[in-house]
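Just so it is clear, A, B, C and D label the chains in written order, and each chain counts residues from 1 on its own.
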Amino acid sequence: MTKRIGILTGGGDCPGLNAVIRGVVKASLVRGWEVIGIEDGFDGFLHPQKCRALGLEDVSGILPQGGTILGTSNRGNPFRYPILRQGKVELVDVSDEVVSVISALGLDGLIVVGGDGTLKIALELMNRGVPIVGVPKTIDNDLLETDVTFGYNTACEVATEALDRLHSTAQSHHRVMVLEVMGRYAGWIALESGIAGGADVILVPEIPYDIEKVSSAIVARSKRGKRFSVVIVAEGAYPKGGNRVVKEAAGGKVAVERLGGIGEMVSRELGGYLETDIRATVLGHLQRGGSPSMFDRCLGSRFGVKAVELIQEGSFGRMVALRGRRIESAWIGDAVRHLNLIDPEGEMVRHAEELGIILGR
Amino acid sequence: MTKRIGILTGGGDCPGLNAVIRGVVKASLVRGWEVIGIEDGFDGFLHPQKCRALGLEDVSGILPQGGTILGTSNRGNPFRYPILRQGKVELVDVSDEVVSVISALGLDGLIVVGGDGTLKIALELMNRGVPIVGVPKTIDNDLLETDVTFGYNTACEVATEALDRLHSTAQSHHRVMVLEVMGRYAGWIALESGIAGGADVILVPEIPYDIEKVSSAIVARSKRGKRFSVVIVAEGAYPKGGNRVVKEAAGGKVAVERLGGIGEMVSRELGGYLETDIRATVLGHLQRGGSPSMFDRCLGSRFGVKAVELIQEGSFGRMVALRGRRIESAWIGDAVRHLNLIDPEGEMVRHAEELGIILGR
Amino acid sequence: MTKRIGILTGGGDCPGLNAVIRGVVKASLVRGWEVIGIEDGFDGFLHPQKCRALGLEDVSGILPQGGTILGTSNRGNPFRYPILRQGKVELVDVSDEVVSVISALGLDGLIVVGGDGTLKIALELMNRGVPIVGVPKTIDNDLLETDVTFGYNTACEVATEALDRLHSTAQSHHRVMVLEVMGRYAGWIALESGIAGGADVILVPEIPYDIEKVSSAIVARSKRGKRFSVVIVAEGAYPKGGNRVVKEAAGGKVAVERLGGIGEMVSRELGGYLETDIRATVLGHLQRGGSPSMFDRCLGSRFGVKAVELIQEGSFGRMVALRGRRIESAWIGDAVRHLNLIDPEGEMVRHAEELGIILGR
Amino acid sequence: MTKRIGILTGGGDCPGLNAVIRGVVKASLVRGWEVIGIEDGFDGFLHPQKCRALGLEDVSGILPQGGTILGTSNRGNPFRYPILRQGKVELVDVSDEVVSVISALGLDGLIVVGGDGTLKIALELMNRGVPIVGVPKTIDNDLLETDVTFGYNTACEVATEALDRLHSTAQSHHRVMVLEVMGRYAGWIALESGIAGGADVILVPEIPYDIEKVSSAIVARSKRGKRFSVVIVAEGAYPKGGNRVVKEAAGGKVAVERLGGIGEMVSRELGGYLETDIRATVLGHLQRGGSPSMFDRCLGSRFGVKAVELIQEGSFGRMVALRGRRIESAWIGDAVRHLNLIDPEGEMVRHAEELGIILGR
């Protein structure tokens, strides 16, 4: 039986979004279904012209492209939708309107591609009768129930290449180079890129660091003739007994990926212990834009196909998930019940420490 | 208790070998163990100067480098070791000598990094009392018991980038471009890179192809206005009812990655059906050399650490293995009992077909 | 005064073509001019639907893309245009028709982007009154009057990366790796990539090689402990006293980038002298497709702008050219009077030899 | 006649330094000369153990590596050498000692690889009788007398790739993305990468910007349906009537590539005019570390060879220089008489503007 389905992408940029959209469109058209692309996340339901049929031509050539052809929006939460009233922004609940638009569109299923926040909104709409299928999307890899999410591999590739670049400068100039990467609550990017990029120190939010332990390790390296070190630090890392120094948007719409965050803080702290020159770099948006890696293109494509399969079999409320080499599915509620954090006593941390990497504890 | 262990690398080149070696050395030195690197595979045991202690300096800076600092050899099978006698090469069994050298070296464990062939040799030596731990290594990803092997991700990245390059020429010149990639028995590289690179046709050894099906699909595309197609074919693919056209070494030591293999054959076959220009390219050694991807550097490093852990706990006869996000282990015998082939009715093939890709059946 | 100009791209693929087209369109629209894009080279003039206005939307996002949005064709020579008559292909002169179409289109200038062959055709049309401006395009960098052409830098980057990949395999396996690159008459790609990629031997058409000199050098390296070598050879290279072994299209429309060309020949010849394993790889189309390098994107863009400037000042018959950091112009006739070949006694060859590289003479 | 020469590298990191060193060593050994590598710039002369013979093994495999195997130092100016006296750092003139060490080493020539600062020091030593040959080294390309310097091409490649990454996020999220790149006095990196990366706005030190002009252009784009823009800004850019907001080292040895520099300032200024979200990124050290591009590897190698040739012919006081495709030479004094800045009325700026790029004037 032919169906009409919708797809939207929510939240921050993530390499592989276009692969998912293309996979959904191709697998739907093969079935003779119709696909409606909703632009700018849930906000698109409030603007009729933003809901448009997607054909093969729309997804031709988008596989290697970063970003999302559907766009996203800051007004992506219909339960807290910003409306300007008498010169002030109020957050109002427009979910009734969204639900009725979805109903009017006659969607037999709605594929929501998003992270923790977007999927929680999707769950609420599910409870209001919208037939939802989820596709997990997070650069930070902090969702449960799936081995990894698309975009994470590309982000780690970019961070590893950055470590390679900083490494040669560190070595030539006998310096400590500090690289701040994404990861507000989960330090996976720092941990995996740090292992791959040969970092000497990895600091993650899950393991508050002791700066003396870090500086001693660098000094010890120096005594062994290694007059340089490379440090990778997740943006949400913080010192033992301290608080997170999460970067704040510089106010309103101008959000600067500024230092003054943890990368700079670690540099200054180390400066109190070391005689070596120290330099900090913030990788920022370079991690989330741009062409996806092979892994993320394949994973995104398969996630898209699987989402269509879930709609076909009526498995609503579920999210596609990678397990080993297979694409399976899980309840969205299970995936967002808490964040997928690094286990400080877990295997990957142990492997890092056996490789001689300092985690600052 | 301190230990003395050995490590060798066998078989063809594979990005990530140096990451494994570095992981083994770092995790051993952390334990206060001694590591003996054996050069040129099992052949190294027959040359005392090829067995040398590895220290931190030996593995410094090798993480991003392709190849293996230990080298490999064509004389890697001690049960069939080539010896020149009276002007003729004879294959003799020198395994007794190898076993006694290992014994004399006082190795508490020997880490063998290799594919199907090398691991089978390792098993035989295990039966002769050598305490073996295996690390799976195959570009083709054709070993059982592990989700993937290191090197495979890099090979797929290289193949995907090649597809991207061929794609733009195909489109501009209205051509069919054929790319031949590795995969003598297992078509994983062609399948996964084909999905990631947006191939229109994927031909693998596990699914003998019908050239008429392939050409009809290309003609159908052309009628929809797509005057070009990109075909990826594993070197071991073959037509329905036909035989494998595996490339032969051009004789002895000069092995040319020649066309005249399946890439050329598919091109000629298609030439009989299509009016379009057709061009074939053989990716060859570009897939197996060069700097490993982030994924393979991290996986290789963790495999190295895990191999040391297996020796520590006395788990001989086992091979490290990736399962989801964890590094586990499996019996070497289970990993090599048959090749890990694509299931023609399996999920990844189905996903490819739902994406509109032709597999020629 | 507003103008109406045309642009077409001829000959083989070359990274940066889209940058040129985009540059022409942007610089024209800034002037209030109209741009007609002619698809599939000169063949487009014979098909009214292939001559279409180009606007900003048509060139949006094409800067990083390989290929040409205008396409090219095998029927690009209007003086020898293939027409099927009574089952046979005849080459007829359709230049009158082309000239009259150009006249009917009311073009104040026609920008022809092409290599030696295409520019010679352009000159003939110029003599028939068509106001031509040329943009040099050749992967091989074999045009006179310009320091380099766009696309050449990208090709050399790809070849250098290939050398890097082969290098690690050569070293690990104690092999000689041979890489065949483009350059039928001019060996610039082999020479410049060979220097950048650390090749041990570079063979170019301008210097017929003596295989004994090459093998002696490899043996000498081996005696110094370097048990491997990397050889780069231009497709048009040939042995002293021999003939070019230029690859032949495998017949008609199926042109296979086959070995059996010079890469394989050099491998076999070396096989007669060396005990080492030898492997050959043909880079083929991977050199000419795909995203252009920064250099070629900038050069292509500036070439496009300069071509518009030449039309504005009425400098017809001229070709844009890079001289140092400036874009200047030259007579097309001067650029194609003979090929720009490597001077065997020139500076770049001398530099290569001072770097210890063997050129086989 | 055999010679003994020295080589040192001064100043900041720059991709291609190792190619120069390798070129010098290879071209010297071919002549039977001896090469002394001086570690950590001029500081090495004050530490006998830092002056060591360089052989083929020392330069084997360094061609693709970033950084410099000779290291550099913050104490690179012998005329103002920092010495700790009674707890305070004093800058003293140790040039006599340096000159006498050079004399004692018996150097027939000293190759100094460095930028504006290092080459001026070299000139002063030249006046004291040291036989100097210069090799220009500046990421910013701000030296006269040479078309470009090595390292600049790699920096522009990195910046262009960063623009590509930011572009997709800008487009998907309808944002203005601001990228701050190097260029304290000369904006070449911003200008050339901006053209290659399709930037909408390029701000350079040579053209003080009017923020209203910039914001109007972005608003105009938005009205044409382009709801995003990409801005590239050199670190030394500044508003009309304002001062340079050059980033200051955060004090002493901890120099943080911080925002609070011009990238952040432009973002905030734009925030006052636009409703769009704005994000800033600082590329920082990622531009100067890491593996050099093909172009810089070839240029660096040839510069190294040419420097040796200059010593051979006794052309002291001269610096190697690229002119078109040739390596020539110039008086060091001519190269450093003032910085090589962008001509605001020059060709490359005009080309940028004809491409529709806003320079803010």
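In the analysis below, a residue touches a chain if its C-beta (ideal position, glycine included) is under 8 Å from a C-beta of that chain, and two chains touch if they have at least 3 such contacts.
On a predicted model such as this, the values are computed, not experimentally measured, just so you know.
> Please state, in steps, how far subunit C lies from subunit A along the shortest route of touching chains.
2
> If you take the mean of the Cα atoms for each chain, which one ends up farthest from subunit C?
A
> Round to the nearest whole Å and give the separation of the Cα centres of subunit A and subunit D.
Centre separation, subunit A to subunit D: 34 Å.
> Could you give the separation in Å between the centres of subunit C and subunit D, each centre being the mean of its C-alpha atoms?
Here subunit C and subunit D have centroids separated by 31 Å.
> How far is the middle of subunit B from the middle of subunit D, if each middle is the mean of its Cα atoms, in Å?
41
> So which stretches of subunit D touch two or more other chains?
161, 164
> What topology does the chain touch graph have (line, ring, star, complete, other)?
ring
> Over in the complex, which subunit B residues touch subunit C? Could you list them?
Residues in contact with subunit C: 12-13, 17, 65-68, 71-74, 158, 161-162, 164-174, 177, 250, 252-260, 263-264, 267-268, 270-271, 274-282, 284-286, 288-291.
> Would you mind writing out the residues of subunit B in touch with subunit A in their complex?
Residues 23, 26-27, 29-30, 56, 63-64, 147-148, 153, 156-157, 159-161, 164, 192-193, 195-198, 224, 293-295, 297-298, 301-302, 305-306, 308-309, 323-327, 347-348, 351, 354-356.
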